[in-house]
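Chain nomenclature is as follows: A, B, C and D, assigned in order of appearance, with residue numbering initiated at 1 for each chain independently.
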């Protein structure tokens, strides 16, 4: 998962891009980058780290220009390397830079094709670099000295024909404009909006509407599946549906965990979807455990808080913040002659005994992935004196890997993979465990926009909407993850991106 | 306000000090420092920045030794400089390092005295350096080649006789041990605890009990007002009441805002005190506004959440997280030829319209200081569609400056200074405003430990428990603040601490 | 002027490239870069600064691979920007990186052509990026999936047809090999050599033979004008004359000042050429000033020492190091409210009075460019008590700008531009001044290799061997220099290279 | 060996101190520091590295004040740690900072005494910190609130009574002035001078006169053995002989190698002393090898050049710079799985074959210490084709360790320790070897100032002028060196100085 943003403004856009990236920082804390364009010249700064650490005064001063794009990165499943920050750049045609959120499932084939067709060298493991080269190749095919919106949209159309997977991308054509496009299933989110300034109208494209809100932009709408938006450097906005086979199947996990609650995705307010998840979960509890005997509902901070408040309301049980999160987690250093110790959950959360002692507590989390943290938290609750510890997950059991850009473990690392709810409950040490039903989750989100008839729920049901994900593919990415993990000791940071120091 | 910690352990204490400082980071994000002692030699690292930014692998590797102290700093009122990180060091006698939380009110006189009596040069504006030199001078007076607990306690006694103000301090005597002491009114908090390890018992002294919890130490108790605890480097723990005039008057603002909710201060769980603040505030609302018509209670994140939950419970009104906090605030850069822009509250908080549109909302904050943020938040609530915006403060009106170590503005900057509640309500734009009554606040805390008969409530009632704070003193620190503010443009960072690069 | 190096080895070449760059550091102290290739992937590190400051352990560890190229940069005349470090990279075709020494005189036309023909965006002011794109375009024209030596040489041939100016370049074709080529006049130097290792033969291409010597490579020979050498990644070496119009006219200024004395360029040992310059200068002095009355010959350290020793020998006069060079020059800092002060020559040189007091001293420098330093040095000699100060230059009067890659001032800044020797002598304050005659300089170098019939002596005689340099061109680069100088205050470092942070 | 400087000026002295340190940088490239005093407050910056790397604009801006001292450090023999940069600071009395060049031979006893007498903790292995504490203790003894010159001189007198060894030191008394003092034998050099400015007379104290020259100060004179100079902050200069037993025995090695040739030490111009070393060496060669058959004299750059020129003159043989020094030496990096390789002399020097091929060459070095470099250079000369390689040393055989502040190996590492000239010649591979005779060396220096009747020549003759250096002491420092070397792998940088980050 990553966050992307692009702005075509009327004065320097560096500060606005920077601010937007801080608002999108929850989508990726691993690396950050901004490229701006001024008088046909590009200015780039990117590096590993948080936005606030990557950009200093001296960098910002150089990022001049009224047009630019930015990126925050979270390592993507299937990519063994963590060394590539975005935006990426190719100099032909026109000089194109691109920021990408998602994952291509046919990246190997594409990589081969662009080398064979165009002799284009791809220097990283990043599918984003491949996506950029595919787009560049298709745009070059037009051969226009000065590309217009039709050329841009034709290139996006060709990208849709060739690329498989989930992707939302923002590219800048040096000297011409900024284009945003979304995969034909609309798996990854992307919105655009505008604001009026004294110098004229400015446009922003971003992963989430909250970036628009905070910067005073007004949301126009989400890009539709397969649609592209192109804003020329003089401020003309064009949109076109570039996919013939597009149909809406957005990633439901955005609503469960990824997105900020105050974002509006595909017409659904994430916050409200989460409230409804709490409601529906409460109904299930009341249905399955009418005599639940719960004394207090306690969220695992921070994501599950919204669901948990409403769950408590519907159960008619007290909501209490029984865990305090340590907001300033540090590192564990290895001293000479010492083995590495694992950061335990104790360093991240502290239990307020008062809320646990002698009570039946219902812990609420947004989802359960590996289950290791769950287990420790339940243990903490018991040590704090809880009589019984119940656990519920606002999402169904996570049983399958994600292939559309969320960094999720491979199947065998998922605690619920091939296990029943009872087996998971026992493994994590809960007195009982309740998962949201998938229909309920879908309903909780759909109520916000009944026009969406389908979601990508692959991590829950193993159905991959792009139709090209089979056992062989899943086996290959699992192998890649394992290889990456094993070699991490000595190669982890062995790759210097070409565009970086 | 600062956070302090000291550990006498059985193996290297660097990681434990580091972890403790991250847990105490909410008490100061301005600078951090650790000094350790090994075989009579000190190892120091301190710098401006967060704990995670100040200490790198190379620093930690050098911070060897089984004994050490640490500090996180928040700039203190009355100090015009922000350049001094702690711990401080003097080499005579014994080599002493010290970390301090609080503020001395007679620092000028002390500074003069230590120069005249001992020719001791103080190189910073920090009262902590003065406190260290007073302690060092008194300890040197013993003239012992090898100081024991009596010498240490005598020195603390003399410190109490000479120093005025609020202070909790931890000092390390090179080669001998670590001593913690608390001012005779117990204004600033300090606790100590222990943990068993395979190598023996380890002791920790810290500003808040949460540092003990997270590191697996068991809280023994708070230091009493005027009391000192001395732990020798071989693990003997001694305590002694070193003040003759000690009486309990701890700072109530720790419970309102400063401390983590999961800390236990002077026998009171901060979290529970805040729940009671919510209760009592609800009672006042029901009393004064029986037909309040409130639709939803919304906290200003993060501190007020605990009070707000309970306030909502007692009002029987929905509690909702209507504001989402941006956790990754960045900087505002100044581009050439541009004026500095102020970060607005919009970049810190985003309103979820759904919770405001057409409703009577009750916003809850822990306290109101300058009122500028309040005003912007209320404006945001209105822009989000609120019908009426009510505001309540879990603490009474803040009307007086703090002189015991909390960085509070001077009187004329406090919105409630010399104003009625109605006047403040009008200034911040609230439809109505309710402050907690001071008796209720005191009661909310006291219920946790009825033995405490008095609190320092000076910011609310202008009564300074040390008895030495008069108009002249307050005028002087106000002047100092103004001078500092005015010269900040060109001198702010003009001071290099002697112990720093 | 820059230094370039490329190695195709049998194990990691990073250390060897690094060492070679330190040996070539005299050719450019402004920036440094290395790119290596391993398994079809490139690893790059480049930044402003000396070699020893640019490469740290963490960078070197990532620069893996048996093949790579490196660069040290000196800002080139005509380039207004100092922000581009090399090697440069384009990803199509194959992924090509390039390091360049020299200057193209038709860069504007080329830049336009490559955009129009190939839509290739050039993001810097660097002619090296243009050269790379021309080469890339020509190599792409072959369209081969796997290029062989013929494809490479054809591309070089096309480069020679299109590019004007002086250039020695080393390019790496990702996965295939390293190619070095030299402009058809052989203006800039480039050599290649080999060494045997236990794993097989390794090849190096470099600006100067001294890089070969120090690393234990044996000089094979200089590339001939227009010739290219291509070493495949498995160690096959191919050479081909790629120019039809090549004729030898190497830059004579390499011998005067640029090259290290222990380098062998075009068959001439620089050191020996300088000895002969001293001899010939002595003969001229004896001829023109038979009663010279010189008491001591004193070089201006460091370059002129070789000529000066031999000059003294031939005059039969003592040679003495009367000036001591300060090897650790620092910066002049600007304090608030202070005007910038110029570093005077006094901070670089200190005169030993003993060698000046009451004597007729002959100061020897390699050449006189602006004359400002000369003037100060002569003044120092007088202050040290010299009776008469004579000055001689091992090179003729510098009267014209350089357009082939040496950073020389524009014409009007050259003290000898439009002035007689006597006028220059008066301006610099010398009692008399002797310049080497151009025929003598040419002879001094040619004696080392009589096969070279012509040199580029343009800075002395204004004859530009490429035939395309006219008044209009010179006027344009002079204007560019002026513009650059004027805007330096606020834009100097305003350009971030795309490949840099 | 270190370089020290102190200035009492009429405006900010930071730039002047910085410039002076760059001029003294040859005395120590390991660390650098400056402390200034303004309005009773100290500003310090020190760190490992060259002067140009330690001080940036932000540091310089903070180093305000008209008075200050500076230091460049070379690790001293007998000190196992390399982590302490100077100046050092103690806060009592007055706040004193000190920069020291030399070595105390009774540091252990002093360290014990100052702890016992004053409970002063010394946190480093540096004898400089001990010297500072002794001085501070003695100055505190006066007990004056405002010390005058008598108090200062009394403290220096007491230092002389208690300290043994060689030392030149500059201390600053915060708010009062700067004092320089020299050990009673005058082993280490120290001079002072003045310059007139529009604001009044400014004074500088420095290790070498060249720092005065370059900054436009006029040399007043050397401090005499045991003498002190005190310059008050308002510009009054006082001097006093503070030793009763002082007698001149300056270190002769300053003239051989340490000092810059353009420095005047104890009335002797180092440059001229080196010329005379060349003369006397020539005479010895002519005496011992009348038929020497030498074709060319070649110096090992840089120090021996002065002697070699004159040696060649007196022999009537050509002087030629046959070795070219690489001025930009880099590091050798350790790649994973690779053993560390030693930098060979080949990376530092390159031989110009022309000057060696078929010739009898006389190589000249200033001295021979370990002999390892010599051996490699002679080997290079042979590989370059020399017929015979003769070697001469401008100093006698180095056979004993230095205990007065020069970082010299211990006895058993000295190639000449216990060996005859012939044995050394064989070991280094020279056809024959000639050492300067000690009487000749002494004479070469003494001719510059016949008033000096004795020199410290201990490295040549094993006679230590302080009279307290015996076998036991030498054994102890040898042991300390060995321990340090052995533990370097894991502890080398394990010490953080208290005053550093």
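Please note the rule applied: contacts are C-beta pairs under 8 Å (C-beta built on N, C-alpha and C of every residue); 3 or more make two chains touch, one makes a residue touch a chain.
Please read all numbers here as calculations on a predicted model, not as lab measurements.
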Checklist line | Matching chain pair for B-D (criterion: over half of the contact pairs shared, by residue number), options A-C, A-B or C-D | finding: A-C
Check: Cα centroid separation between chain A and chain C, in whole Å?
Finding: 50
Margin query: Can you compute the centre-to-centre distance for chain C and chain D, using the mean CA position of each chain? Integer Å is fine.
Written below: 37
Checklist line | Rounded Å distance, chain A centre to chain D centre (Cα mean) | finding: 61
Check: Listing for chain D: what residues touch at least two other chains?
Finding: 61, 336
Notebook entry, point to check: What is the shape of the graph in which nodes denote protein chains and edges denote touching chain pairs (line, ring, star, complete, other)?
Noted result: ring
Note to self: Which residues of chain A touch chain B once you look at their complex with the stated criterion?
What the structure shows: 12, 14-15, 18-19, 21-23, 25-26, 50-52, 55, 57, 60-61, 210, 213-214, 216, 260-262, 269, 271-272, 305-306, 309, 313, 318-321, 324, 326-336, 346-347, 350-352, 354
Next item on the list: State the interface residues of chain D toward chain B in the complex, per the touch definition above.
Entry: 35, 40-47, 58-59, 61-64, 89-95, 116, 118-124, 133, 140, 143, 145, 174, 493-501
